[in-house]
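Next come two complexes built around subunit A: one with subunit B, the other with subunit C.
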Partner chain A sequence: MNEPFIKTGGLSKSYRGKKALDNVTVSIDRPGITGLIGPNGSGKSTLLKTAAGLLRPGKGSVTVLGEPVSRQVASRVSLLAEVDSLYGYQTPEEAVTFFSRVFPDFSSEKAASLLEKLEIDSGTEIKNLSKGSRARVKIALTLARDVPLLLMDEPLSGLDPIVREEILGMIISCIDISRQAAVISTHEVAEVEPFLDHVVFIRNGKILLSENVEKLRETKGKSVVEVMREVLS
Partner chain B sequence: MTWMALFRKEVRQNLFLMGLHGALLLAVFAFITYHVGRLNLSMIFIGIPLIAGHLIAVLIYIVASMRREWKERTALIWMNLPHSGFTLLSAKLAAAVFAGAMFLAVTMVSFGLILHTADSQLAVFAVDGLGELYVRYAGWLFAGIMFGSIQLALAGLFIFVINKVIRPFGWLVGIAVTFALSWLWSEFTDTQLYASVAHWGPMLRVEGIPDQFNIDLSDAHGSVNESGQTLEMIYLGHTLIELGLLAAVFYVICYLFDKKAEI
Partner chain C sequence: MAITFDHNRPIYLQLKEKMYGDICSGELLPGSRLPSVREMAVQAGVNPNTVSRTYMEMEREGAVESRRGQGTFVTENSDVITSLKKTAAEEETRRLVNVLRQYGYKDDEIINLLKTEIHVKGEQPE
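Up next, the complex of A and B:
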């Protein structure tokens, strides 16, 4: 039997006494796109960083593909951070070369093709690109890795609607939903709803609902947006 | 290939700091040269603290490099690289050692050239022959400073990583642990037991240093002859043990980085 992509059991995490995750038990068993939905400060980023091995669980457990997470889970997990995290001195072209040397699963061809499609100026230092362009470069580099699990923290945050649509299209087209699991955290559901296979609602560090989207529509007869309003209100 | 790519990244990111370092050296040596040219020879001795100051060079480079990853948030990429802590941290350490060693070498060669130029005039200070002595022990001086510099750098790296393991005030814990362990190690190296294990293979003999340099070797680990003169102060045994210790400390840092450190 295949191991769950992510499985947490009684996971809690506090920052200086304030609980960011509170007894979170959730499992993402199948490939496809999962929406991790919750308001700002609900614990989405903490959950993703913990799954990526960048934060230690305070209590409870986290496994990725059957193994307890540590920093070295990075060989199977690609994390897209919400903030600018690329090396600003590199040009996109240099970043592609660097990534191809440090990530064994990185496809330079895929990255170059994505950057070309997105009309990124490959010769300009990343720190000098516009916010939208930096976000595109970051996403192109993340998607060019061939890993079982992609964790994307607010990939559409702070971008204008046209760029958001473009980036969302790129994410969807690059994920192989037959074998990869992607977790996209967001607090704006309407845009991503058509692409979601699974949703996890989180608020105040607690999982309020974790359900297959089809099942949700069948049993509740409501859209994800409507369920979100009901669950998170 | 991965390690080289990381090493190149670190060197590239250190360039600004290296530029500042180079500019500082240039300014100080321009100042010394100017004064030596005007026979204000005492200014030559500014070169001594300048050389000794390189004890903290590797520490500054490595801590600046680590701090930069967090400040610029690139740690989110860097810590997500699917490579061992040893690979990531050794590339950083190597880039810091490279910068520190390069500038120490430049400083020492520049100082040597100035000494060579002014050696005959230094008799005024009753330190004639300083140039010759400097050349004779320059290799040891370089190795000693680099060795000390790497020790301090590892202490700084340990404190930085502990600060990412224990929150809050991990840095305070790191400093306390570093001082406590250093003190314990220093006490242990003063024991007869340690001397019997480590004091073999003398490498550096200092009996030839002229008296006028007044070097106090009373605290050095060495053999003393009948007239109380220190003959040897660096042993191969002691050096190998310290190298082993540095490797062990680096292993612990890498373990903490891989298993316990947080973003």
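Up next, the complex of A and C:
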């Protein structure tokens, strides 16, 4: 029952000989919100995609809730991809129907109420929505699934401060942190810091630190941003 | 709406100080219900676990009480609120005195400054 949400052992992954993940051993044991922090090209997306079953490990292992990751893991993992992952020809309303057919755990009611709260015009084709609205639709669909593990790859990147704040608000109001684990990858540390339970720093495919955020503040008297500067420099 | 935090200190403590401030100033009235943990987290822009910890800490110190199934309420015990105010007042005073000492003021000058300030507002010092 108490299997770690994600556990990797000696995980490596290369793209055409270039190492994206280098012998990564890390685990996310508890529910709550984890920040996966690192510069561009550090391996954040590769790690998330591997945990979501979209990439095969090169070497080493990945388990999600105790089971080795395969494509079947999608039934327990909700992934927010960094790229535009929705069908542009669908309206948000159609996307909700589509998701509800693909994922048995998807709550159409929750998605619809989120979209309504965000004042998204659910009758406009997604490709004709603004970038901020597309990002909102994407996150609403991700959060409307009832799964133990949510992986969000750069949910804030390229969005204006108001949309970013709104998205962070949605994440904390939708996730049940007593039983769900959410991993948010980002390089905008300062912005997500107050929302995090746990932080994992990654650079050049290596994990530099994995620690509870309050514990960092208490033992080091430093903010995550400062610790990051220390660790990543 | 989100509160701005000093990231070098535990956020749960800062949130507690902010809420004690609201209790002392009467913004949060005795007996009033606090927002749920999740509502408070969204309002303050922090992790819900941080809010839980703040609430637990405040409950431990007797400033709030949680009633099963109903939520968390500000205490109606006026002794507790009086002592919260006293602690807050002492802290503020200490901070003021420290700043003025750093500026090079002598203690009797500090007292005179205080007296003048209070006098200007037309109130008698105790």
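In this text, the second predicted complex is superposed on the first by the 232 of 233 C-alpha atoms of A that agree within 3 Å, B and C clash if a C-alpha of one lies under 4 Å from a C-alpha of the other, contacts with A are read in each partner's own complex, and residues count from 1 in each chain.
By definition in this document, contacts are C-beta pairs under 8 Å (C-beta built on N, C-alpha and C of every residue); 3 or more make two chains touch, one makes a residue touch a chain.
All values reported here derive from a predicted model rather than from experimental measurement.
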Exercise. On subunit A, do subunit B and subunit C fit together or clash when superposed?
Worked result: fit
Exercise. Between subunit B (first) and subunit C (second), which, if any, makes contact with A:35: first, second, both or neither?
Worked result: neither
Exercise. Which partner does A:57 contact after superposing on A: first (subunit B), second (subunit C), both, neither?
Worked result: neither
For this session: Calculate the angle at subunit A, using C-alpha centres, between the directions toward subunit B and subunit C; round to the nearest 10 degrees.
Result: 160
For this session: Check the residue A:43 against both partner chains and state whether it touches subunit B (first), subunit C (second), both, or neither.
Result: neither
Exercise. Which of the two partners, first being subunit B and second being subunit C, lies in contact with A:193: first, second, both, or neither?
Worked result: second
Exercise. Which of the two partners, first being subunit B and second being subunit C, lies in contact with A:155: first, second, both, or neither?
Worked result: neither
Exercise. After lining up the shared chain so the two structures overlap, which partner does A:92 touch, if you call subunit B first and subunit C second: first, second, both or neither?
Worked result: neither
For this session: Quick one: classify A:214 as touching subunit B (first), subunit C (second), both or neither.
Result: second
Exercise. Rounded to a whole Å, what is the shortest Cα gap between subunit B and subunit C in the overlaid structures?
Worked result: 28
Problem set entry | Residue ranges of subunit B in contact with subunit A within the complex | 1-2, 4-6, 9, 12-13, 72-77, 79-85, 167-168, 257-263
Problem set entry | Partner subunit A, residues of subunit C touching it in the complex | 2, 5, 7-12, 38, 41-42, 45-50, 53
Exercise. Mind pulling up the subunit A residues that touch subunit C in the complex?
Worked result: 32-33, 165, 168-169, 172-173, 177, 190, 193-197, 214, 217-218, 221-226
Problem set entry | subunit A - residues contacting subunit B, complex | 16, 49, 52, 54-56, 70-72, 74-75, 77-79, 81, 83-89, 98, 101-105
